[in-house]
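One chain, subunit A, appears in both complexes that follow, with subunit B as partner in the first and subunit C in the second.
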Partner chain A sequence: MNWGSILDNTASFMLSPETIGFMLAALGLAVHFGYAGLLNFGMAGFMAIGAYGYAISILSFGFPWWAGILVSIVGAVIFAIILGIPTLKLRGDYLAIVTIAAAEIVRLLFQSRVFDEWTNSADGLGGYHTSFREANPLPEGTFGFGPWEFTSDQWWSRLFGLFLVALGLLLVWLLMRSPWGRVLKGIREDEDAVRSLGKNVYLYKMQALIIGGVLGALGGVVIALPSAVIPQYYLPSLTFFVWTALLLGGAATLFGPIIGAVLYWGVMAFLAGVLPAMATEGWLPISSTAAGNLRFVLVGVALMLLVAFRPQGLLGNKKEMTFVK
Partner chain B sequence: MSSSTPDPTVPDGPDAPEGAELAGIDDDTIVDTLEVEPTHEIHHTTHLAKDDAAPGVAKVDPILVADHITRSFGGNKAVDVDHVEIPRHAITALIGPNGAGKTTLFNLLSGFDKPDTGEWSFNGRSLAGIPAFKSARLGQVRTFQLTKVLARLTVLESMKLGANGQRGESIWAAVVPPLWTSQEREIEERAITLLKKFKLYEKRDDYSASLSGGQRKLLEMARALMTQPEFVLLDEPMAGVNPALVQTLLDHVIDLKSEGMTVLFVEHDMHMVRHIADWVVVMAEGRIVAEGPPHEVMRNAAVIDAYLGSHLDEDIGVITGRYDEEGNRLS
Partner chain C sequence: MRRATHAVRATDRRTSPWRGLWFIIAAFFVVFLPTAAPASAQGDGSQVNVEEHDQNVVVNVRYNNEPVADVRIVVSGGDYEAEAVTDDRGQVRVGVPTTDPYEVLLDEETLPEGVTVEGDNPITVAYGSQFFAPANFFLGEDVRETASFMSQFVERLFNGLNFGLMLALASIGLSLIFGTTGLTNFAHAEMVTFGAIMALWMWNLGLPILLAIVVAVIASGAFGWAFDATLWRPLRRRGIGLVQMMILTIGASLAGRYIFLIFIGGGTSQLPGTGGVKHQIIGPIKLSTIDMVSMALSLIVLLAVSYWLLRTRIGKATRAVADNRQLAAASGIDVERVTRIVWVIGGALAGLSGVLWAYFRPGIKWDMGVQILLLIFAAVVLGGLGTAFGALIGSLVIGILVETSTLWIPSDIKYVGALGVLVIVLLFRPQGLLGRRERVG
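Moving on to the complex of A and B:
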């Protein structure tokens, strides 16, 4: 078993665009669930809207890359409003049901042949990178150190992603320390109490849904930046992977989603290397492909253990979670 | 209690059954010791009504006027109030047995529930169809029967949340702290003054979830006051609170009035009410069966029968006039 290459891959993946996209999506979920108490199980839908919004505006309408990102943001805002109008007046669990269905509707619309002209249906979209790469301010060549050696273009998508993460963190930090954030946390605890104090609960929940949704869409953009947009990527399981990352780090914390995303992808990449290698060595009585998929089982078990024994996540305040409602 | 220890001469000691030390006290004494009186001085407001006390009587200066309010759950008419006026600058108690519709009426008046029919106005402004948060902004704040604390917010944060008209509560201003920090300081000062008054100052940095039941009631009342209300609706503020704290709560309710607020509160216990209320409205079976100054209402035969339960064997519908004595429905 080649431990060196497994660890190298793991470390490299912890700084991949997918990991950075997960940071943004998990931060969005932290706004939804950690601060506002909204059970959004449709993050994959927001991420798909982000990725498709970006790719379609460039490929079909010839927009520059930054305009593509603006289209993604607008798309996420519209999706959040459509989702929020019927559900935010209902109890929290209805939102969960509606969001999971809405995200599937979004994915199936992108996958269907009806919009083939723009979405290329099940084959997905690719080859939209020129505009973004032209904006690359970095010098040509390959640089970095250790496992983090990437080409100029690879660095550009990672650095731009991290820039968006920093921006997102600043926004969430500013919001959550303000009276606006205090109202939001109050709604998480008991929305009737907040309503009785004269706050328009519906408006705050809508604003939170929009902000978290836009962060999720930006996550989708970052993941799509250097690669392709394939509809099968935005399955409900994607939503639950983001949830795992969020709960791992701590739902009501600023840096929890960031740490959670890094750890989640670190563990996933490590298991993706180790398990098939173990199968090849004959240590596991299964094929190496089956061993590779075993990681999803392990992650599921880890999520259950996490929720049962450390609900506050790695960074969460233990005291804050001691009081279970 | 005394049934388990029939012999009042049981000696005190490690073997004494639970409650033995109280066994020698007769029932009247126990009731007297449990009846709590407020310590603050009370100035009862009189001459609130224009006419003789009767259900729906017009008030000299009503803060809230409600007409034809009905609300049914399934086939059961939970609230059916023809006309009621709540007098301004007074403490009005809304009393009645379980299931009389007190809390339902409260939810309707505060916009937390929608009536089937009815009109009501606060300070002459119609509130029918107005969402709960807007009626709170107009100066009509409520508390809840099952205390609603914001568990994972600290006591001070919960208090600050209560203040209205905060600039930093707009999402755009929220990201620009200079726009709201000075107002935030004023709000914090106000919150601390109230916390000191409600003896919660030492708890200000604790999570609200760590408070005892009585402290939660205090916090809920203090938080409601952060909105600087004109009209305070308290839903069973004394429920499940020990007698010592009941006294404190009664004092706070009296203070609300002396600070110029109008209070409407729901209470089960007639004895609790008579010390502090200027006016009592009695509900049974969704209707208002009597109203008047506390001592008059307590002498009212309908109330004694319906509410104090001296005629336990009689159907309450007979007393409220909904059924005749043979059990035939009249209305």
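Moving on to the complex of A and C:
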């Protein structure tokens, strides 16, 4: 077993666009679930809208890359409003079912051959990178150290993603220490109490849904920036992977989503190297493909253990999670 | 070996006249069985010149979203030409010398009877950033006679009824479990898949298929009991909140699904007798023997469950617990016992619906349960969460809606309509058709 390359891959993946995108999506989910108590199971839908909004506006309408991102943000806002109107007055489990259904509607529409002209249906979209790469301010060549050695373009998409993460963190930090954030946490703890103080609970929830949704869409953009957009990526399981990352770090914390995403992808990349290697060495009685899938079983088990035994995550405070009931 | 003989028999079908116009995922009941092709024909000749050249052209041939094996593919461009035959994943990989565009031709003579290419043939593939764009062929039926709208509608209606009855089996179980424990069980999808896989395994062990299905249903009931006993009962005792429980079911669903993937692999397997000839019943109604058996079986089981809920002591107790757990406990009903029974019945019903879903799709796949999970939820929410008869009505509505909606919308977005109904119902009548307002909270 080649430990060097496995560890190298793991370290490299912890700084991949996918990890950075997960940071943003998990941060959005933290706004939804951790701060507002909304059970959003449709994050994959927001991410799909982000990625497709970016790709379609560049490929079909010839927008520059930054306008593509603006389109994604607008798309996420509209989706959040459409989603919020029928559901935000409902109890948590209804919200969960509707958000997951809405995310599936989004995916099925993107995958459908009806809109093939724009979405390229099941094959997805690619080749929209030129505009973003032209904006690259970094010098040409390959730089970095150790496992983090990337080309100029690779660095550019990573650094831009991290810049968005920093912006998102600043936004969430400022919001949650403002009076607005305190009302939001109040809604999370006891909706009726906040309502009796004369606050419009519905409006606060809607605003939280929009802000978290935009962060999720930006996560989708960051994942799509250097690669391609494929509808099969945005299955409901993507939402649950983001949930696992969030609950790992701590749902109601500022840095929990960030650490959760890094740990989640670190462990996943490590297992993706180790498990098939163990199968090849004969330590596991299954084929190496099956061993690769074993890590998703472990994700499911980890999610269960986390929720049952440490719902506050690594960074959280148990007192902040009393709303989960 | 047994599986292969059944599969070959089923290839001589032609059904559903008007559908050639629509695309990939055409009718459910079209029963050409690509993946069950004889093992000897697979794998050979699907990788051509891959070692010799750096670039590969990848070709996928799919029908009803399932791969088609043994189709001849010719790749040509410049003075290069190579041909290959698709493997059991419907795939071909041909090495090519340059990064110029190549023309990919599918030899329609090698397609199964009654199937033709939808869209371009040949396809021109261009070199992208790092590799050739894959050439994907989608197949459809080549029968293009048009039937009258009414006869199409009636046929779709019966198909939808069949689908709805199958959904009802799963959704009643889900609804009962929700009613008695408050648990929104996302892992219900895996209980559906479990039943189908058990039936397949029992049949592979040599049991006759009917006996295999009976054993699978019993095993599913036992699985439901074990699922409750090992996981949910201890958690209920610990007083874990419902939101936490819901996320726990998602973890269980993920873990279960990928365990199935590890055990049965990513392909599709068929139960024996899938498909078969469609008999003309009355007018435009055409049903295969399996369709009829499936509908009759669902009806009998649903009637039995209704009788159990309405007439037997324990059934009445179940409804009482679903109505108000505390009050039922105070009236001397053994709530834990009722919960156990509900898990067993819910598991058995889900297992049976899994077997029927395997015939309806057709095929057994590791994620087959998740494919209908949201339809089951839509049915349960439409009827009213926690009400057993609401789930029955909701399932029939959703089943018929999904099948008949393909008369107006493309079949690859037919689930969108059902999920849209879910959202709209919540907007106007969140308690569902038979639910009471207080349940929504």
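In this text, the second predicted complex is superposed on the first by the 317 of 325 C-alpha atoms of A that agree within 3 Å, B and C clash if a C-alpha of one lies under 4 Å from a C-alpha of the other, contacts with A are read in each partner's own complex, and residues count from 1 in each chain.
FYI, a residue touches a chain if its C-beta (ideal position, glycine included) is under 8 Å from a C-beta of that chain, and two chains touch if they have at least 3 such contacts.
Keep in mind it's a predicted model, so treat the numbers as computed, not measured.
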item	value
Subunit A residues touched by each partner, larger count belonging to subunit B or subunit C	C
Partner chain in contact with A:Trp180 - subunit B first, subunit C second, else both or neither	first
Which superposed partner A:Asn200 touches (first subunit B, second subunit C, both, neither)	first
Common interface residues of subunit A - those touching subunit B in one complex and subunit C in the other	325
Touching residues on subunit C, where the partner in the complex is subunit A	23-24, 128-129, 133-134, 136, 184, 235, 240-244, 246-248, 250-259, 261-262, 265, 370, 374, 377-378, 381, 385, 410, 412-413, 415-416, 419-420, 422-424, 426-427, 430, 440-441
Interfacial residue positions of subunit B with respect to subunit A in the complex	110, 112, 131-134, 136-137, 141-144, 148-153, 157-158, 160-162, 164, 166-171, 173-175, 177, 180, 184, 207, 209-210, 220, 223-224, 226-227
In the complex, subunit A residues that touch subunit C	39, 41, 85-87, 89-94, 96-98, 100-102, 104-105, 108-109, 111-114, 122-123, 126-127, 129, 236-237, 240, 243, 247, 286, 290, 293-294, 296-304, 307-308, 311, 324-325
Complex contacts: residues of subunit A adjacent to subunit B	171, 174-175, 177-183, 185-186, 188-190, 192-201, 207, 252, 319-320, 323, 325
